[in-house]
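Two complexes, one shared chain (chain A), two partners (chain B, chain C).
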Partner chain A sequence: MGLGLLPSRFSRIPANRLFLRSIVSNSHRQSPEAAAAAVPPPEPTPDLPPRTPVAGARVHFPNPDDAIEVFVDGYPVKIPKGFTVFQACEVAGVDIPRFCYHSRLSIAGNCRMCLVEVEKSPKPVASCAMPALPGMKIKTDTPLAKKAREGVMEFLLMNHPLDCPICDQGGECDLQDQSMAFGSDRGRFTEVKRSVVDKNLGPLVKTVMTRCIQCTRCVRFATEIAGVQDLGMLGRGSGEEIGTYVEKLMTSELSGNVIDICPVGALTSKPFAFKARNWELKGTESIDVTDAVGSNIRIDSRGPEVMRIIPRLNEDINEEWISDKTRFCYDGLKRQRLNDPMIRGSDGRFKAVSWHDALTVVAEIVHEVKPEEIVGIAGRLSDAESMIALKDFLNRMGSNNVWCEGNGPNPNADLRSGYIMNTGISSLEKADVFLLVGTQPRVEAAMVNARIRKTVRASNAKVGYVGPPADFNYDYEHLGTGPQTLLEIVEGRHPFFSTISNAKNPVIIVGAGLFEREDKDAVFSVVEAIAKKGNVVRPDWNGFNVLLHNAAQAAALDLGLVPESNQSIVTAKFVYLMGADDADLDKIPKDAFVVYQGHHGDRGVYRANVILPASAFSEKEGTYENTEGCTQQTLPAVPTVGDARDDWKIIRALSEVAGVRLPYDNFGAIRSRIRTVAPNLSSLDEREPATFGFSVKPESNQKMSSTPFKAAVENFYMTDSITRASKIMAQCSAQLLKK
Partner chain B sequence: MAFRLTGLKVSPNSATLEEARARVFDFFKAACRSIPSIMEIYNLHDVVTESQLRSSVASEIRKHAQVSNPKVIDLLLFKGMEELGNITEHAKQRHHIIGQYVVGGQGLVQDLSAKDQGNSDFLKKFYNSNYF
Partner chain C sequence: MLARLAAVRLQEIRQVFRLAPQTSRSFSTALNYHIDTPDNNPDLPWEFSAANKEKVKEILSHYPSNYKQSAVIPLLDLAQQQQGGWLPVSAMNAVAKVIEVAPIRVYEVATFYSMFNRSPVGKYHLLVCGTTPCMIRGSRDIEDALLKHLGVKRNEVTKDGLFSVGEMECMGCCVNAPMITVADYSNGSEGYTYNYYEDVTPKRVIEIVEILRNGEKLPPGTQNSRRIKSGPEGGNTTLLSDPKPPPSRDLDAC
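Here is the complex of A and B:
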């Protein structure tokens, strides 16, 4: 085994060198015989210094008495009872090669790559499936273990095609890496390789099933995490193959994750196929803005082009998954982009002008209208910097009619607990009863839904749902469709009320779609009454949550983007749309002057008189707050398109041309302005819980209508200007949406 | 070569900063002395005055005011002498001189209208590019 250096042994090499250096002196080097005589024989004690666990894994002991001690390569480690041999090795800092094992999926034990030697065991054991027993002596580095791995590699490569040069996984392929590390240097294979028919899994996942090594990670992901029974194992022996049982597409909002978990090139990204090699790409750690979850992503770019988006690990938000919308929306960043400032001429056509001219025109007109006729609407993808700039600018012009779309006509920005997810996404796992009010988390926030599904699977939590018929991938009880059901629950007439009040950690999730309702306050006060009676909010547990839809919503409410009057749009003469495409554009009067600042030629542009091109989330530094109140920031991965500028810079420049110069000239200055308004937005990557609950909220005397709740998201794949411009998202909505 | 300047040659390295500094002044004087003939060669009388050219040379030198390494100063001096030699030898054309020393680095298009005079630094950079 010429290349037989275990990756995990790299960590040991410096230690060995240190050891050598300490005993070899100059005189010894000159006379080796004397050195051999002088140096005492090496002690039989472990040659290994204490090692750090793989990937910084931390061990949690649920019960300190249940700790057992095992020896990994002679090094003793303490692990809780119930750990597998594999986990014990990880704690000891030994990285065991694996294909089928994945820490977030159930154990299959079918790839046999993780074979290790255990003393007094006649055969090598599959460490991922073997529970660790007290005093077990595990050897990961013996000739037997190495030979076993080499044998497994040989069997795996027997039917694996030698097409690495044309395989998209090349360079980030587990099979490639491990055959370099553990495989044999020659093959003994002369017969014909097996071939398997490719399956059509839809527009997102490309399959080359001949490359599959039957690790069944994708099957387990689909059934366990995604909750769809689409994939399965067919046939036996050499006829074994992964596929959909019948000719069917994979219809899950998380299907893209099978690309990441596939250890070989059997499942790869269809839009990314043959586009780039992974070593050509520059990764930028950023945040997803297509929903309010704020999934952590890495934007891989080559030159000025975003090539792909892949997830980043964040246990508190998205674990290691992202939704298909997040992963595949990037081709929307290349289409329908606005690249020059434009003014609509008298013939109704747009004419490209310079920034100077565009800003001068806007500044002149904004001075011609009365202050109360100025309206500003922030879009669903706006960052906190641009929203505070927009609010400051309009306030200096004398208007306070500024809001963020999706927050409804009469938002509650006073009590932070009334618009964020107070429980926190990761704490949803502790819940045992869920009450979903007017929210369909599967389409509104796929990662939150995955968390709820995880909880339901792990602890058999009960889910009650009030709203229109919807698609769930876990067991739920449909309680009703409208506010009437909520009244029944609060009065104790509904059996679900006792479920809530008997629960240990009940959770109520209210959808942000309710913000648009006329009787919003009444509905919220009923939900709060349920929370009060069901003991949902306690000092040690806050189970009252609002699930927002858009990346900008939480920050907008934190910054106080609340309109002065909710009829201002009807009387507006000057409307500033900052990426707002889903506002009520029909309500804007015909004679109003509309400025659209944004990155896509979407709905807002049709009504606009002036277009100011801005940068998209992949091109700017921006602060976003997710639905649980965690502040995160995007970083620029690619340069801006054409003559576009960052959002806050445009407003800052416009304010100066209009004669009401805003006092911030750089990013640091605008951040400190945000800090004075909403201090929680300045602590990045931290979740800031709300201080006050709804107990301090004044009583609402609004009348509740009996209109049933509506579905908030019609098309999961197309919710904002980027995803609406995306071709892949259009294909998905055509093929995958259930009709 | 009729226009070759006398006294322009590569000298040994300056030993100290003072020596280098003195050489810079010598070079500046040599350049100033050749300005009348440069005006003549390239027919610059209607576009620029002698004093403007002098201050242009001075600003080229001041660009490197922060350099304190005598070796670097020597190198820059060498490049300056080469440039001066090329100019006095008529190795350049008229638009080279106008482009480099008369119009300068600001380019030919200069918006000197009164309305932009009061703009802040931010706005000037904003009109120029997104990255600042």
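Here is the complex of A and C:
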């Protein structure tokens, strides 16, 4: 919470006061006549320095006529009708202390910390729950307001244990901070404090319920955002407590966020318990690679160790939430790591060797095979730099059989609109009808699912779903399980077709699981036909989306990682797996030579002949493109493990040993190489929409099979080598997955 | 010197704790979370009886169909009567199903109101008021007497299933403190009564228990024969005649 702003606020306001007072008193003292003669004593318009809204918040006026003016500490601000007193204060740059108020949750108004004085109101008012009225004079800094806050603080601390030294929230606790800023230095309560039984919410959230201040943020989060109605407020009065009544684990893919929103140490991270203090941690702003959403995260590290991952605000992608997989996969970064180059000896065991030896062996073998027998597969966590390096290297060796796992046997890389989310994640909120084709967003991209849920809650958008039975946390209509249903829709035989064509902003989301289907082109052309007939793509609205699964997919397609022949893997003699663990490893012929370059000893390693250790996303700078086509980058938070190197550097070194030196020696050079192939990958933190729609796509004459769609993600918690190595994720899959 | 003062103070504090009465002064409501027991767990089937199903329909008809959840309190009450005075967790789940909300929303309501009993009670549930006026007039002795006479702990049911003792906060008849309430679940939802017995003494509550045990009826109200309702003992002592009109100026004389 923006308590960083408090000091500036404290210094600013008294200064204003002094300034004001001196003007008034001086004019009186120096020329009393003039002051008296000033015909209508003008209302002293305070000459206040311009204020900036708290945390640079933007004020959006939906209807400019509806603006009203209120005064905050004498400073006039214009706000749209319907704002609360609290929001008015924020616009005026006054940070009001709060516990229960959260801008993304409904208003509860039960902590009373946000009390302010309003002129003509007999009592202090709870600003978060009070609508601002035109001309209201709000005072946030008067003795009354201060006393009210102090009183509330004293009540809150009455039953709050004094266990800050053993509390994990210490140092980032709203209660701590605000009692320092607004509380009294002593309390008057001498009775016995109450205590509350801790609840078991599962392997992720640790509870110390005695610390709870009953703000109900967690209850509102679970009900409104996560869509699991498990938590509730039980009992009343001093017996009130947060709980599930019957013992129940919190089975939401977003449950970790309650750790962030709990203003005190009642809900904290179980894996992080007693591991570190937040002031010892170094924060690195990075992005998440466990799915294709590219949630913005901060990696908190201490020395060489990633201690925790927490979300960063990005309104366009993840708002301020992240999924449990993103938040808790970090212990996988410490386990099963590859730290030395290794070669499999004749006895089948790996032996650690030097980089030079390993690269020489690989370079020798790669020259021994025919160019068309060379195959390269990029893994789902690869960054754009390493993928372009891999492609360039294989091209120089004469092969063009390079692809990224998850993109299927014959990916379409020609039309960008055919593989990204054209609507954009944040624009999903404008949609009123969703058609989900073969995708279960809840497990494939939890943050996209949160957006859809938000939209469904806010505007009652309709959701139709075609695919295997799945778990949704909003109302949906299960239209069917396979392509047959799509045919019915496109021919107008299905009632959902009229729902789409009558919608204002319809959205179709196709899952990337379809990429693996033989009849992918046929399915896509049917979906495109639905889009055409349903007017889903218009000049002002593009509702055709593909929801990708892995962080590497979009960039791989942008860079043209498309295999020349989709049968190349069965005839391969030399396979270069760049972190690829989910490719069809058993299709690789027995006599093929397999190089595994990656950071985890995962599936690929079992088949490898040579292991080249690489760095994980927390250890390198890398460019990733998310499913909506937004380019972002990771930054190194911790040093690499052992002898590992960045992926692109390994391939660059290998190319030199193999005598086909790649022309880039540093990060800037490889970025400019990327720019020549895919210019959109060079504009960081920007979403580049696709230029051409599918209307320019040639007709496909594939035949559609009637096999129903499959679920693309079996286990939400374990989808890649990092999460498969994580103990916490293993616990989650054991305890939280509904079997 | 200081040390001695401190020691004396400590002694005093100890004294206070030693004097604490035997009955624990815990919250009047039962636990705010559920513990599975053989007779109360979510796996037990529970359904409204055929007759009550009609009543459910009737209750729901009072509310618009998109605000079914408003019926939660009457339905919980109906369920409690059907179960003989208490709400097993499966009954709450059944109510949640009827009004189409998540079970936790029903638990929230049921734990909020202390007249919903979430553990078994006797046919006669005796509730002793424990709030300040009654406490000053001796409600703790009354509770002790009841517990001793029935041989149970608070919120425990006697072997014959007839009685249980609980605590309530102020029930608004402090003028006749101390008082107990008898929630009578012996006659189902129609014959349900919730009667106040006021001005009780430790002796009198035991008599009341025996009267109830014999199935006799006892008119509710004050147990002090010399009082009428909440009037003063032995008749009025004030306001014995019409009050005098307020003194005022002699208007005619002006």
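In this section, the second predicted complex is superposed on the first by the 694 of 739 C-alpha atoms of A that agree within 3 Å, B and C clash if a C-alpha of one lies under 4 Å from a C-alpha of the other, contacts with A are read in each partner's own complex, and residues count from 1 in each chain.
Here is the rule we use: contacts are C-beta pairs under 8 Å (C-beta built on N, C-alpha and C of every residue); 3 or more make two chains touch, one makes a residue touch a chain.
Only a predicted model underlies this, so the values are computations on that prediction, with no experimental measurement involved.
**Student:** Under the stated touch criterion, which partner chain does A:E368 make contact with: chain B (first), chain C (second), both, or neither?
**Tutor:** It touches nothing on chain B or chain C.
**Student:** Check whether A:R645 is in contact with chain B, with chain C, with both or with neither, and answer first, second, both or neither.
**Tutor:** first
**Student:** By residue count, which of the two partners contacts chain A more extensively, chain B or chain C?
**Tutor:** Larger number of chain A residues touched: C.
**Student:** For A:E477, using the defined touch cut-off, is the partner it touches chain B, chain C, both, or neither? Pick first, second, both or neither.
**Tutor:** In the superposed model, A:E477 contacts neither chain B nor chain C.
**Student:** Quick one: is A:E69 in contact with chain B, with chain C, with both, or with neither? Answer first, second, both or neither.
**Tutor:** Neither: A:E69 stays clear of chain B and chain C.
**Student:** For A:V246, decide between first (touching chain B), second (touching chain C), both and neither.
**Tutor:** second
**Student:** Kindly classify A:D685 by the partners it touches after superposition: chain B alone (first), chain C alone (second), both, or neither?
**Tutor:** neither
**Student:** So, does A:G235 touch the first partner chain B, the second partner chain C, both, or neither?
**Tutor:** second
**Student:** Touching A:A653 in the superposition: chain B (first), chain C (second), both, neither?
**Tutor:** After superposition on chain A, A:A653 lies in contact with chain B alone.
**Student:** For chain C, which residues are in contact with chain A within the complex?
**Tutor:** Against chain A, the touching part of chain C is residues 27, 29, 32-34, 36, 42, 89, 101-105, 107-108, 111-112.
**Student:** Quick check: in the complex, which residue numbers of chain A touch chain B?
**Tutor:** 354-356, 615, 639-640, 644-646, 649, 652-653, 656-657, 661, 665
**Student:** Which positions of chain A touch chain C when the two form their complex?
**Tutor:** Against chain C, the touching part of chain A is residues 197, 199, 229-241, 243-247.
**Student:** Give the list of chain B residues in touch with chain A in this complex.
**Tutor:** These residues of chain B touch chain A: 116, 119-123, 126-127, 130-131.
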